[in-house]
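Here chain A shows up in two complexes: once beside chain B, once beside chain C.
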Partner chain A sequence: MKRFSLAIQGWLLILPALSVLMVFTHWPALATFIDSFYSTPKGRRPSRFVGLSNYEQMLSDPVFWKAAINNLIFVAGTVPLSIALALIMALWVNDKLKGRTALRMAFFTPTILPMIAVANIWLFFFTPQYGLLEQITGLFGAPSWPWLGSDKTALFCVIIVAVWKEAGFFMIFYLAALQQISPTLGEAASLEGASRWTFFRRVQWPLLMPTTLFILINAMINGFRLVDHVFVLTHGGPDNSSTLLLYYIYEVGFKYWDTAYAATLTTVLLATLALIAAIQYGILERRVHYR
Partner chain B sequence: MTQDFTPHRRQVLGGLGALAAGTALGTPALAQGASEISFFYPVAVGGPITKLIDGFAEGFQKDNPGLAVKPIYAGSYQDTIVKALTAHKSGTPPVTSVLLSTDMFTLIDEEAIVPFDDFIKTDDDKAWLKSFYPAFMENSQTGGKTWGIPFQRSTIVLYWNKEAFKEAGLDPEKPPQTWDEMTAFAQKLTKRDANGNVTQWGVQIPSSGFPYWLFQGLTTPAGAVLMNPAGTEVYFDKPEVTTALQYWIDLATKHKVHPPGIVEWGTTPKDFFERKVAMIWTTTGNLTNVRNNAKFPFGVAMLPAQKRRGSPTGGGNFYIFKKAKRAEQEAAFKFIKWITTAERAAQWGIDTGYVAVRPDSWDTPAMKKYVADFPQAAVARDQLPVSVAELSTHDNQRVTKALNDALQAALTGTKPAATALKDAQTEATRILKDYK
Partner chain C sequence: MERQDPYQPHGLALTLETIGAWLLALIWILPLAYAVWTAFHPPEFSTRFVLDAPLTLDNFRRALDAAPFARYALNTFLLVTTILAGQLILCTLAAYGFARYDFPGSGLLFALVLAQLMIMPDVLIVENYRTMSRLGLVDTIPAMALPYMASAFGIFLLRQTFKTVPVELDDAARVEGASALQILWRIYIPLAKPVYLAYALVSVSHHWNNFLWPLIITNSVEARPLTVGLQIFASTDQGIDWSIICAATLLSAAPLIIGFLLFQRQFVQSFMRAGIR
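After this line comes the complex of A and B, so read on.
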């Protein structure tokens, strides 16, 4: 009986948090999944059950495929690059050097700035002829190029801005992890005469693995979530060459008002994210070294 | 979409002071039982435009005790329609809102709005409805009914740098009148450095975001109409449309007087200020922006002609929402009529740079004085008689997206003009088949 009341007490304690989570996360996700089997209600035409026809529409939608492929390129571009940069920056500002607080601040700044504001600044960086980028390439006599206005480089520009935005945030996690590593390990390594590279490869990197896993998952999720700058930089153009899945979902849902099809796309996106998380926790975690 | 990322709601000139002083007194407390008209307006909170709108709301209340307008600043046009339609679906829409004129079919299909015809009773009402420029009414009427009232409307014009014209040996007071002239002028205006890199382009027509709108500045002179008034058919694959697109492509690839690829809408005025381009096409809404930031004398001209002259209109209309109470709708109608009198339309045009929506606004003393000081402001008005409706159909954003994608594919060289337009036609026809 005592144990039973303890259990009730426990449930009551988490009830507020749980109900918020249910109402704002789990229920919408479930409702989205259900909506994906119905048609979009329009005026006098109520929605009706249509089975898998929204999914069939999706498979034959070239823009969906374009967005999906772009998103894979976006993830492949942003994740390794932002993690590598974060690690390098963290190792750098972890050392005892003059002005490291200022340096840490500098690296972290992009994270604090609102993405839309930042994208407006980047818009001018990428501007042909007098933008910052072309002022530099212009010094070497390189010809002008429409960075955001070409289907060959638009996605690349979108990736660069995302990496710039993300790296500083991930750096914080690496920095925190690096400071957890006992200084005695470093002292022992230097007594043994280990090179800095060996120390990193054999000591720091393995000890950072849990952090890396955490960052990897976050980076992957952000790879599907980070689209704010697309609204400002390219609107998904030219000709969908920089459209990402979430941006396309917004277009379908809030510009075309095709809510059923947007629900279908959202379901696919959710499933993809769930799969990624499952793989990472299931497979990678076993190979991660925990103390 | 035409005004999303522009300095479109720009600094306000004179007249603001008086209105701002009015708002400083604060909104008087609502009388008991007064009906309140919620009004979604597409602008971010703060800034000079909100002061103007607050001033209008207050002035209306003063003239109509017992009625109160409550402006709600809802962000960009896109944000505002998302908020308004979501509110409509949940059963509590605003009573009235300013939204893009091109959203008319979307709002009708969602059964979100009521036509204005229900409120037109007196001869005065009828005269008021006829007082607007017909070019603006094209995007406000369909099926014999009026669904929107023009408020903040714009059109595309050509801005040119008079200094650059002089340097190139052109008459700085003569803008290009035809397509051939524009090409010829642009060739003289394009400057290259020793390496052959362009330092100043002749002309640029932005193509990011909503290229279809600027494209209508080419298709209209080419003699093409892109859609039927019922919004159920489009004509993207007509030969005139292909001609128009080919001209645009040729400016960049054949004549090499226009930047290659997609030209960003948002940076186009800046390109002009930086003298990286001698002629630009952009909205009349940029007039004040250019006036304040161009460090050289500039001119404003109608778009050049091919078979005829012409430009699309753009911008926002007033709509009244269906699920609001009848009394609230009546009050909103009264407000819309009040805010679009000749004098107020003139003042709004002067303060913001939008084109005053009624011919008689231009005969008001305030407007006459403004035009005398700043004759460029009248170019948009003079272009109105040849202006046409902005592309708008059922399932509007999807159809325009098909055209936008085609235009961008052709401009970046991924597809030839005719193929791209044919693809857009097929896609648009597929989307529109449900509305036949």
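After this line comes the complex of A and C, so read on.
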């Protein structure tokens, strides 16, 4: 009887959070999948079952492929770059440099600023001729270039801003992990005559592995979620050269109001996120020693 | 005496490292520094950097005249407090249930909660919009707040914290006849105070900056938060008047920047604490 009442209490404690979670996360995820097999209701015509035709439309939609490939490039660009920078920042700030508190603060500041706000400042940086970037390159006599207006560099700019925004956030986790490494390890390694590089490669880097995995997963998720700056910098253009999946979903769902097709695209995004989860729990967790 | 780190760089290596670190920091702070420069100087100095440029607050006045930033700020304030209040209540209850109650299905339910770490409301915009319009909540602050209230991250963080509380305290209070909620209120919540502070800082700064969902679900000045207001302001009204855009940018981030400057250590430690699992 006591066991039973405890179980009821446990259930009641969880119920409020779980019901909100069900309504705004689990159900919409499921509904997205279901809706991807139906047509968009138009006027008096209700939505009807159309099988895989939304998916067929997607596979023959060049903008979808553009967004998907751009997104992969975006992830491949931001993830390694922001992790490498985060690690360098953390190693630097961990050493006793002059003004390390100020350094740490400078690296961390982008984390707390609204992306939509700072993107406006980056917009000015990239402006041809009188933007800050070209004022600097102009000193070296480099010709003017429409950084955001060219399909060759727009995605690159979108990547740079994302790296700038994220690296300092990831630095924090490396810093915390570095500070937990026992100083006796450094003393032992130096007695053995190990160089600083060897110490990093053989001692610090392996011990940072769980942190790297944690950051890697977060960076990958953000790679599919971070689109705020696209709204300011390029609007996905020119000619969709800097559009990302979530941005395209926004356009399809809320500019063209093709909700069924937006649901189909969202299903692809959800499947990608599920794949990242599977990689985390399946392969990497087994390999990496986790605390 | 302080222990000497044998791998602390010396001499030339230290100099090079310091220069490298400061250069990178300079690049990192440049956008904010530029915004401050432009916002506090007359427009003709927005692309000219001379030391004797006169200071002015005129850009801020013009920005405040051009868009209802005070209203946007109020909406953002209401939004982040609504979300935080909801999160604190829902996550505390659920975390306590997961940490201290053993009941059939708790493992599965916890896995369902953790699924939200991957599949966030941020990407479920199409269906959540549909739900909100069915509920008649479009263009309201609850519509912006609701999807984020049951935060898997908050539940996870608090559950880990609650698990470190000795069960003996729990049992002793129970023997004295305290109810579950009394135990939670008198023992668990006070012991988890630093974690609550960390979580609150992370939550507030995250939702202060959130953009896509508020953009979709609001369409009037009465509900729009700062981020959306700023974007509409910068993209339509002002063309490329950088001074006024920079002033508006600083206005919309000011509470976070000031908070960060004052409580720098707490901010960094909070993000650290909240991120380590």
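Definition applied: the second predicted complex is superposed on the first by the 280 of 291 C-alpha atoms of A that agree within 3 Å, B and C clash if a C-alpha of one lies under 4 Å from a C-alpha of the other, contacts with A are read in each partner's own complex, and residues count from 1 in each chain.
The rule is short, and it goes like this: a residue touches a chain if its C-beta (ideal position, glycine included) is under 8 Å from a C-beta of that chain, and two chains touch if they have at least 3 such contacts.
Computed from a predicted structure; not experimentally measured.
A.B. asks: Quick one: classify A:68 as touching chain B (first), chain C (second), both or neither.
C.D. replies: A:68 sits against neither chain B nor chain C.
A.B. asks: Please work out whether A:228 is in contact with chain B alone, chain C alone, both, or neither, and reply first, second, both or neither.
C.D. replies: A:228 sits against chain C, while chain B stays out of touch.
A.B. asks: Once chain A of both complexes is superposed, is A:148 in touch with chain B (first), chain C (second), both, or neither?
C.D. replies: So A:148 only meets chain B here.
A.B. asks: Taking the superposition on A as described, I'd like to know which of chain B and chain C A:115 touches: first, second, both or neither.
C.D. replies: It touches chain C, and chain B stays clear.
A.B. asks: Could you say whether A:220 touches chain B, chain C, both of them, or neither, answering first, second, both or neither?
C.D. replies: neither
A.B. asks: Which of the two partners, first being chain B and second being chain C, lies in contact with A:208: first, second, both, or neither?
C.D. replies: neither
A.B. asks: Mind working out whether A:190 is in touch with chain B, chain C, both or neither, as first, second, both or neither?
C.D. replies: After superposition on chain A, A:190 lies in contact with chain C alone.
A.B. asks: After lining up the shared chain so the two structures overlap, which partner does A:130 touch, if you call chain B first and chain C second: first, second, both or neither?
C.D. replies: A:130 contacts both chain B and chain C.
A.B. asks: Specify the partner with more touching residues on chain A, choosing between chain B and chain C.
C.D. replies: Looking at chain A, the partner in contact with more of its residues is C.
A.B. asks: Mind working out whether A:81 is in touch with chain B, chain C, both or neither, as first, second, both or neither?
C.D. replies: In the superposition, A:81 touches no partner, neither chain B nor chain C.
A.B. asks: On chain A, which stretch or stretches are contacted by chain B in one complex as well as by chain C in the other?
C.D. replies: Touching chain B and chain C on chain A: residues 120, 124, 127, 130, 232, 254.
A.B. asks: Okay, in this complex, where on chain A does chain C touch?
C.D. replies: Per the stated touch rule, the residues are 6-7, 9-14, 16-18, 20-21, 23-29, 31-32, 35, 85, 88-89, 92-93, 95-99, 101-118, 120-122, 124-125, 127, 130, 132, 135, 164, 168-169, 172-173, 175-176, 183, 186-187, 189-190, 196, 199, 214, 221, 224-225, 227-228, 231-232, 246, 249-250, 253-254, 259, 262-263, 266, 269-270, 273-274, 276-277.
A.B. asks: Give the list of chain A residues in touch with chain B in this complex.
C.D. replies: 42-44, 120, 123-124, 127-130, 138, 141, 143-146, 148-151, 232, 234-235, 237-240, 251, 254-258
A.B. asks: Give every residue of chain C touching chain A within the complex, in rising order.
C.D. replies: Interface residues on the chain C side: 3, 5-9, 14, 17-18, 20-22, 24-26, 28-32, 34-35, 47, 86, 89-91, 93-94, 96-98, 101-104, 106, 109, 112-113, 115-116, 118-131, 146-147, 149-150, 152, 155, 180, 205, 208-209, 211-212, 215-216, 226-228, 230-231, 234-235, 240, 242, 245-246, 249, 252-253, 256-257, 260, 264, 267-268, 271-272, 275-277.
A.B. asks: For a test of understanding, state which residues of chain B touch chain A in their complex under the given definition.
C.D. replies: It is residues 5, 78, 82, 85, 106, 109-111, 195, 197-199, 207-209, 259-264, 266-267, 270-271, 274, 276, 395, 397-398, 401, 404-406, 408-409, 411-412, 414 of chain B that touch chain A.
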